[in-house]
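Common to both upcoming complexes is subunit A, partnered first by subunit B, then by subunit C.
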Partner chain A sequence: MKLTVGYIDIHDIQFSNESKVENGVLYVNPEDIKALASEDENFASVSVDIARPGESVRITPVKDVIEPRVKVEGPGGVFPGVISKVDTVGSGKTHVLRGSAVVTAGPIVGFQEGIIDMSGEGAKYTPFSKTNNLVIVCETKDGLEKHVREESIRMLGLKAAAFLGELGRNVTPDEEKVYETLTTKEGMEKYPNLPRVGYVQMLQSQGLMHDTYVYGVDAKKTLSTIINPTEVMDGAIVSGNCVSACDKNTTYHHQNNPVIHDLFEQHGKTLNFCAMLITNENVYLADKQRSSDWTAKMCKFLSLDGIVLTQEGFGNPDTDLIMNCKKIEEQGVKTVIVTDEYAGRDGTSQSLADADVRADAVVTGGNANEVITLPKLDKVIGTLAYVDQIAGGFENNTQEDGSIVVELQAITGATNEMGFNCLSAR
Partner chain B sequence: MSKIRVVHYINQFYAQIGGEEKADIKPELREGVVGPGTAFQAAFGDEAEIVATVICGDSYFSENTKVAQPEIIEMVKSCKPDLFIAGPAFNAGRYGLACATISNAVKEELGIPVLTGMYEENPGADMFKDKIYIVATKNSAAGMRDAVKKMAPLALKLAKGEAIGASAEEGYIPNGVRKNFFEKKRGSERAVEMLLAKLAGKPFVTEYPMPAFDRVAPNPAVKDLAHATVALVTSGGIVPKGNPDHIESSSASKYGEYSIEGVQELTSEGWETAHGGYDPVYANENPNRVLPVDVMRDLEKEGKIGKLYPYFYTTVGNGTAVKNAVGFASEFAQKLKKDQVDAVVLTST
Partner chain C sequence: MDLFILTNNEWVRDRMGKDYQVDYRELSFREILVAARDLIHEGHRLLTHPLSGSVKPQETPYKSMALTKSKGALDLRSLELIENAIAACDKFIVKFPNMPDGMRDDFRLIDYCLISKAL
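Presenting the complex of A and B:
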């Protein structure tokens, strides 16, 4: 399966009477976004704002971040099974508005959403301080269940991203890259001497709004399976998460999964990137056993020599991580795991809730308990009403000068476990 | 700002007094730099001055720690330093232990920042890496330049009270305190590189070593048991009746060393268990069930072993932190080694 990705570099977002992409600027008519929101009767009010890199702006509470993309050739459309029909995506050609993102904000659970600072200390930790963000602040009607609110905001974010992506359909990309996955037989014939490497991605699926969707299917109701990495680039996996902001994978992370890109980078040179597997992180032991058994079985079946295994979340999923690692190693397939740490604010506690001697190759995204001080910023998009309850916040954490003390947990994408960032710990 | 005052600790070898034959020299205080101090002084530039150097023989320190330590502390104190550095000791075991022990004592008693350096496998590193900053060096003095290059800037940072970064940035041996920092490459790229190294059987360093897997490979079998000295060590809590050293019944903070010279077997009149984690009736009835002195004496008489070591080491394993247990063993293992014990029978409960 072969996908050409055309990257259109976006340097700025501006409001305009007409939504369009011109000379690297994304012009947005906020009424177009509000019209999308009006399709859903659950919204009480929706406002649209812009946050650019370097601005003295704080966005909170953040739910999801999504990159605008559009399929210009080949079957299907972006976010299959959710926004587009369920056709298999991942081939043909896709345009990306690189450097831009849709950020959905507004309270759902309150303590499980995140913070994005566009400048200052906090900006160093979130990748979304570097993107031009169209922020949609959503207020849902009173009396709605939390999961209903979550779905409404999730869908609006995806619709908006698809709408903006569409604006890039006829724009000539600044850069084009081709990603191709060979069939098992083709790969073996073409690269007989390269190690067969796979990627096993664990998807958050603990339920109660700790959910991920694959082609529209709730991942907690799936068995471990195979997916083409290019399908993921077309939005086959979307986030439905309201969990600690630092290590949940936003939809943007899925669309730009760095493990996929770094494995493609080495594909045909030092390794043969054969397959991508996805598996879930359910709370029941039987589910954990079944899913990890299945993953290990497929790794063996695919004759893989090694895999990169990435986690999402922490605590309970640490057991899934270790089960997967252990069982895959037992099949004779070498593993490297990517995780993050909860070593306490002073960094002296054991970092993971589970451990195994076979997990001897670990990459860490940093200690999420480490505390940082976020300076007072000029503008807040959303509300600061939740910064003391947010995961990573604590009582009276707003200081007299307006600065806020939080654990890194509260920062969207700070300790990402796909290895999206340079942050680490020792 | 006035210059940072530094006292440097080195052994007889680096002071060019002599090797093993001079390892028994007593502590001596010299003004200014001696030996490797020159390299440190050059690296410090105008920021710090090594005002004095303490020299002590490695054997003297290890055999007379209780006397040597306060004496050295007084010497250091008299110089009114802002910073204390020791070594680097590379892979020299006694020197490393001395550097780490004295650095820790200076830190605790004089309250000034301290820094030492040694090879990661030096026993001093394992015992003190959680207490003081120890820079990881190469395993021989050929690594001096590299060691000074890492130690000098970290020492200055410590003296100035600046924030200390993660071990990977600053070069100290990981001390169990996890600290964030920014790598040059993103995590996914590091993961792919690590996997390629693992697949190729090349060395790689995990970013988070899994906790609590201190697996020790057994030594090869004793070749000549008939001439071997064998010692008994137990975590089953066998002590002289009345538990004279008050070893705790759970979460032991100490171990005991007791003589069994001339003892043919342990009797219920003279011995008991201090262990609170198992039914003590059978151990108290016949303490040889946990510490088999009787059987060892039989083997001695039959000539199957050379002799039973005249002391045994004992503690309580119940609820005792691994860290404590490791500490006990590293201490008495040195004594066993010194007395040329060939083998140890370890019994639990």
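Presenting the complex of A and C:
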């Protein structure tokens, strides 16, 4: 399966009477976004704002971040099974408005949304301080169930990203890259001497407001399976959760999964990137056993030499992480874990809530308990009403000078467990 | 069904009590984990993860877990999970000693959703 990705570089975003992409500027008519919102009767109000890199702007409470993309050749459309029909995506050609993002904001479950600062100390920790963001602040009607609000805001974000992506359909990309996955036989014949490496991605699937969707299917109800990495680039995996901001895999993270990109970068050079597997993180212990047994079985079946394993979340998923690692290693497949840590504010506590001697190769995205002070910024998109309640906040954490003390947990994408973040010991 | 729910969440007691055996106790988050550990030592097995949900220990006051009604030999995996959960709990600060009611309801809801969808 081969996908050409055409990157259209966006270096500014502006409001305009006409939505279009011209000379690297994304022009948006806010009425177009409000028209999308009007299709859903659950919204009481929707406002649209812009946040650019370097501006003195704080966005909170952030739910999801989505990159605008459009399929210009090949079967299917972006976000299959959710926005587009369920056709298999991942081949043909896709255009990306690189450097732009849709950010959805608004309260759903007060304590599970994040902060994006466009400048200052906080900006160093989130990748979305470097994107030109169209921010949609959503207020849903009173009396709605929380998970109904979540679905409405999720869908509006995806619709808006698809709408903006469409503006790039006829624009000539600044750069094109080709990503190709070979069949098992082709790969073995072409790279007989390179190690066979796979990627096992664990998807958040603990229940309502902790969900991830694959071609529109709730991952909680799936068995571990195989997906082409290029399908993921076309939005086959969509975030539907309200979890801690620092290690939430937003839809943008899925679209730009760095493990996939790095493995493609080494494909044919140092390794043969054979397969991507997806599995879930359910709460019921028997589900964990079934899913991890299945993942290990497939790694063996595919004759893999090694895998990279990533998770989403803390606590319950740590158990899936360790079960997967242990069982895959027992099949003779070397395993490297990518995760983050909850090691206490001083960093001295055990990082994960589970452990095994076979988990001997671990890459960390950082300590989510680390404390930072975010300076007062000039403008807030959304509301500061929840900065004490969100994961990483605490009672009375706003100082007299307007600065806010939080753990990194509160910053969207700060300790991402796929490695899409800025923290480094270097 | 060989399971019962151990909880400190009134919503789980009130909404799931008709369909499941519910052991409700008025305890803190840490105390309910310790109560689960005692039950595990008595021979019950854990059926759901004690750190379910993205909400961190001490941030939420509520936790519900399913355990087997039947008792057998000490299940070491259950013991390991609950000991790890208690250790994880001890590294988080109690975020809101005086938690507002609205926030309390959000946490009750999340805990209720997680246990009801898991079973």
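Convention: the second predicted complex is superposed on the first by the 422 of 426 C-alpha atoms of A that agree within 3 Å, B and C clash if a C-alpha of one lies under 4 Å from a C-alpha of the other, contacts with A are read in each partner's own complex, and residues count from 1 in each chain.
As a convention for this text, a residue touches a chain if its C-beta (ideal position, glycine included) is under 8 Å from a C-beta of that chain, and two chains touch if they have at least 3 such contacts.
No experiment lies behind these values; they were computed from the predicted model shown.
Contact with neither subunit B nor subunit C is seen for A:54 once the two complexes are overlaid on the shared chain. Contact with subunit B, but none with subunit C, is seen for A:356 once the two complexes are overlaid on the shared chain. Contacts of A:308 after superposition: subunit B is touched, whereas subunit C is not reached. Contact with subunit B, but none with subunit C, is seen for A:366 once the two complexes are overlaid on the shared chain.
Shared-chain residue A:319: touches subunit C; no touch with subunit B. By the touch criterion defined above, A:332 reaches neither subunit B nor subunit C.
Contacts of A:195 after superposition: subunit B is touched, whereas subunit C is not reached. Of the two partner chains placed by the overlay, only subunit C lies in contact with A:209; subunit B stays clear of it.
Contacts of A:282 after superposition: subunit C is touched, whereas subunit B is not reached. Shared interface residues of subunit A, touching subunit B in one complex and subunit C in the other, are 343, 350, 355.
Here subunit B touches subunit A in the complex through residues 166-168, 174, 176-192, 194-196, 198-199, 204, 206-213, 215, going by the rule given at the top. Across the complex, subunit C meets subunit A through its residues 46-49, 51-57, 59, 66, 80-81, 84-85, 87-88, 91-93, 95-98, 102-103, 106-107, 109-110, 113-115, 117-119. Here subunit A touches subunit C in the complex through residues 109-112, 146-147, 204, 206-210, 220, 241-244, 282-286, 288, 313-316, 318-319, 342-345, 349-350, 353-355, 369, 388-389, 391, 393-395, 409, going by the rule given at the top.
Here subunit A touches subunit B in the complex through residues 124, 195, 197, 258-259, 261-263, 265-266, 270-271, 305-308, 310, 334-336, 338-339, 341, 343, 346-348, 350-352, 355-357, 359-367, 370, 408, 416-426, going by the rule given at the top.
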